[in-house]
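Read the structure below first, then the notes.
In this document, chain identifiers A, B and C correspond to the written order of the chains, with residue numbering beginning at 1 in each.
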Amino acid sequence: MPEKALEIRGLLKAFGRNQVLKGIDLSLESGTVTVLMGANGAGKSTLVKVICGHHRADGGDLMLAGRPFSPADASDAISKGVVTVHQSIDDGVIPELDVANNLMLDRLVETGSGFFVHEGKLRKEAQKVAASMGIDVDLKARVADLSVADRQMIAIARAMARAPKVLILDEPTSSLSAAEANRLFALIDRLRDQGVAILYISHRLSDIRRVADRILCMRDGSISGVFETQPLDYEAAVTAMLGHRMTEVDISVEKGGAPVLELDGIRLSTDGNRFDLSARDGEVIALVGLLGSGKSRLAETIYGMARLEGGEMRIDGKPFRPASVHDAIAHGVFMSPKDRGSNAVIPAFDIANNMTLPFLSRFSAGSFLQSRRLRSRSREMNERLGVVCQSETDGIGTLSGGNQQKVMIARWLMEPCRVLLLDEPFQGVDIGARRDIGRQIRASARGRATLVFMTEIDEALEIADRIVVMTEGTIAGEHINENIDLAALVSDISGTEAGLAGHSA
Amino acid sequence: MLRRNFIALAGAATMALGGLPAMASDMPAPFDKPEDVTIALVRYLSTGDFFQAYLSGVESQAAALGVELRVFDSRQDAALQADMVDQAIALGVDGIVIQHGLTESMKEAAQRAVDAGIKVVAFDVNVENEAIPQIEQSDYLLGKMALDQALEDNGNAFTAGYVYVPGIAPLDRRHVAWEEVKAANPSITEAAQFGTLDNPIANSIANQARAVLQANPTINVVFAPYDEFAKGVKIAVDEAGLTDDIDIYSADVSTADISAMREPGSAWVATVATNPAVVGEASVRALALMLAGEDPGASVIVPPTLITQSFLNEQDIKNMDDLGEKMPQFRHADVAMSDWMPLPPR
Amino acid sequence: MNDRILDFAIKYGFLILLVGLVIYFSLSAPGFSSPRSAVFVLQSVAITGILALGVTCTLVVDGFDLSIGAVATSALMLSAYSMVILEQPAFVAVLLCLLIGAFVGLINGLLIVKFRVPDLLATLGMMFLLIGLQRIPTQGNSIATGMSLGNGVVAEGTFSQAFLWIGRHRFDFFVERLVPMPVVIFLVIAVLIWLFLGFTRHGRLMYAIGSNERAAGLVGAPVNTYKVVAYMISGVTASIGGILLAARLGRGDIASGNNLLLDSVAAALIGFAVLGAARPNAFGTAIGALFVGILLQGMTMMNAPYYTQDFVKGAVLVAALVFTFYLSSRRTGAGH
């Protein structure tokens, strides 16, 4: 009977009005790898941050090896035996220091460790740690000069230097090659044998099949599925993660007019697969795919942020190869980027100024802004999208996530365009706002081609005429949003290969 | 070290023969072979006209002697300046001129140089060492002579504005003269005291002076014993249109000061100055005397000269060179002299 | 209710303090409340104010320009050099200074956007470079008419009357010969920068870049161009400050310009607190400069020694920063 290393009951966490974790129950057993799957915004990161002491839980119990556990901060969690390796590797290592110092870093911050660094002793202990983990790199090398995989290994080894009870790995393979990933899996096997409880966060099915003893799926802040009987049902896990309950939105599918945006044999990376796509006037296309499927890269390529690595793009039949964002906008291609907080919102500005930012020249005489026109136009857009606010001069920071996103979408609906790209438009948006935005996008779709990039199937079902599935930098399947075959869609998303392998496993 | 002492002795012996014309071959040792003599100038302050002119004096006197000069510039870093003295010792120089610095940091470094058998003179810094003569421009006299002129021009009853920033050694010494004159002439009223060393000093002083003149319209004399102060006050007086009502007395002089004093209707009526180049020359001469085994005395005071606006106008003096020409006591101070001592070419 | 009071304090606190100061000094320092005195205050802040307006532009794009003081003193030396030694007319001197200012700004901007040197470091390097450079042509001497150029040659050129006019002319304004030229230039530049930052689309985009550079880039704003322009504006205004300084002093005075830098940065930062803007703005900067000027003028009139003035400047700055960063953040927090 495996010992319960970490047990969580009824965990609650909210940020402002946004309830992120809605009563999570989960347990991790010693010597077991538990995979946690969840789409963007499901609350995985928040869950991890509560466990590793970055956030405080609002409610619920955490028990570590049978004793109550409420870490005050990250270093408290570590000292109690819960160690986390974060998604971004460079959070886990100090690039400017050498390998030995990195491995011993946590010892250095321990209170009670001596004031002076004993160089020789430090190196000897580092050597021991490296050997026990099977790491074979020069201890004197600067971490910044190592490969991503080596850095990853060092981040994990650093974590292991503390002999943890629970190890959390947050998307550890997201930047590793296949060979490098195999080294990581070997390390995970070794740790499992040592009796560490491992929580492995990923939605790469190939990884999951390799390491998982059991699978937890998270969706919308709750656990939506637990799979622990062998053989594990990967297909069901993906379904539980993505969800595809039928939506209340009725879509009357629009076939579209003349092609507006044509992608002809393009590829997104130098060794990527070529694919074609044609988006027609009045059509709304959802491009769905998991993280790393290449859909963001496609959006960036069309918007002039990334270089087209092969093939041809055409708008209205004319070749289109944007040199910059500015150029793309000049050709009538608009994009509302994902992660509005870092990519779209100007926190210092009010609603009106945020909304009109791309089109200031249309609200100015000479160079001078006509603020009355600017404000009245933004008031109009507020009404159209139903932005809940006191006036258009409210600071953008005073709005809820959904209303902020409405402003960001309104920004690009204000002027007519040929191609509208929306990257994760429903990220961090409540259901009501999501419906408002979806309705506006569909209502205004005539006169342009609309491409919506998203992870969640039910969001795609709510908005799209056509759903195009992307995996590994290319198109894996296409479905007209009418009597759609969800099973086929889900298997496209989880990757044909992985999906099939999942069945046979 | 032994060698150096020997040379000094030999120098003294040669001197005893005495009275020979000042030609290189007839110079006392070690100056009979001046190319073998190296002296160092170790500076604390270097930015500004005064220090630039001082350096040129040191350079020209060193050139006249034919000795090699090494300049160490610590740019107001007291610790670095002490290190530089040690550097000079390590280089095996024969003599060192210490120019400004802090007593605390220079005292021990200077002692180390003396212990190493090196001759040392100090300009404007007290290193508390009997073996080291002090070169001074008398700041007290600078202040005193300017104030004497003010008393002569305005009688012993006037309302004064005084520019002063305490804690700066030369200004503190000039301040002594002001306190004395005030005590001796109770009818002098000090209506306001102000001052700042914020860069650019003249501009900052001008801003302050204007406020002061506005608040104290009775001021008719301003004692600004530093030329940057005087320049600032003059700007304020000009801007306030009070050129006829106020007289400025100051210390120090430069080409720019001369043209400011000579502007039509300038309120800047007199300054008292020691030529910094002359001080530089005297510093090197005092050091040369010591190297030749003579005694320049415990302190070498370079006397200041009174320069009035009317004198400048009468003689049509445009710059420092003119001033030296028309006022010989400004070009050369007869201190730290000896028969054999070569002087820079004029 | 408490929120209202807080809002009011944040918005008008500094202006009320300013009025309070004026009243206090008028009562306790005779001669403070006269048109002449008011103009004196303006004149004493004109040069640092102009520099501060330039630095405000770099603050708007979330940058910083440490080289403004050195640019000003370089312009001071350059104008003196071109008139006294090269014997050029006033307009050539002015033109040269403005060009140098723009050029230094361009280099600063390119170092920052092309070579990815952090703004503080790039402009710090530029500061040292200029402080040294401006002294090289004259071997560290100040420049004045009649200075010896070696070999018995004497500099014959003079500061032309036209040039001195820029720094010293006074316009009649109710009182005869009241308003000095630098004050007029300061006010003109203040209005121009105020209009540019607050009311043109370029200013709006610069604020957007300062607030979220990435987002501004993704709406198609030429982020790098605007950043470079901000540093060029800063360089040009700093060189205007240097020209005025030269015209006021009437000579090319060796000075480090450090105090010019610190005073103008202080004015720009105090400006954050004016009207609760909590961000760089031209109106605030001008008021900030004025605030410091009034304080110093009043204290000088009351015979306060120079070191208390630095102390008071520091205290005002700290208070302004508390206003900006603590109270304003509490206010937006409450608005949630």
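Assume a residue touches a chain if its C-beta (ideal position, glycine included) is under 8 Å from a C-beta of that chain, and two chains touch if they have at least 3 such contacts.
The UniProt protein names, listed by chain, are A = Sugar ABC transporter ATP-binding protein; B = Substrate-binding domain-containing protein; C = ABC transporter permease.
These numbers come from a predicted model, not from an experiment.
Chain pair with the larger contact count among A-C and B-C is B-C, by C-beta pairs in contact.
Among the other chains, the CA centroid farthest from that of chain C is the one of A. Comparing each chain's Cα centroid with the centroid of every protein Cα atom identifies chain C as the most central.
Once the centre of each chain is set as its mean CA position, chain A and chain B turn out to be 72 Å apart.
Inter-chain centre distance (chain A to chain C, centres taken as mean C-alpha positions): 45 Å. Put simply, the C-alpha centre of chain B and that of chain C have 36 angstrom between them.
Within the complex formed with chain A, the chain C residues making contact are 195, 199-202, 204-205, 207-208, 210-212, 214-222, 279, 332, 335-336.
Those residues of chain C whose C-beta lies close enough to touch chain B in the complex are 29-32, 34, 36-37, 40, 43-44, 47, 73, 76, 139-142, 144-148, 154, 168, 177, 180, 245, 248-251, 253-260, 296-298, 300-303, 305-306, 309. Partner chain C is touched in their complex by these residues of chain B: 46-49, 52, 165, 192-204, 206-208, 210-212, 214-215, 217, 231, 235, 238-239, 241, 254-256, 258-260, 318-322.
The part of chain A that touches chain C in the complex is made up of residues 16, 303, 305, 324-326, 328-330, 335, 337, 342-349, 353, 357-358, 360-361, 363-364, 367-369, 371, 395, 397-398, 411.
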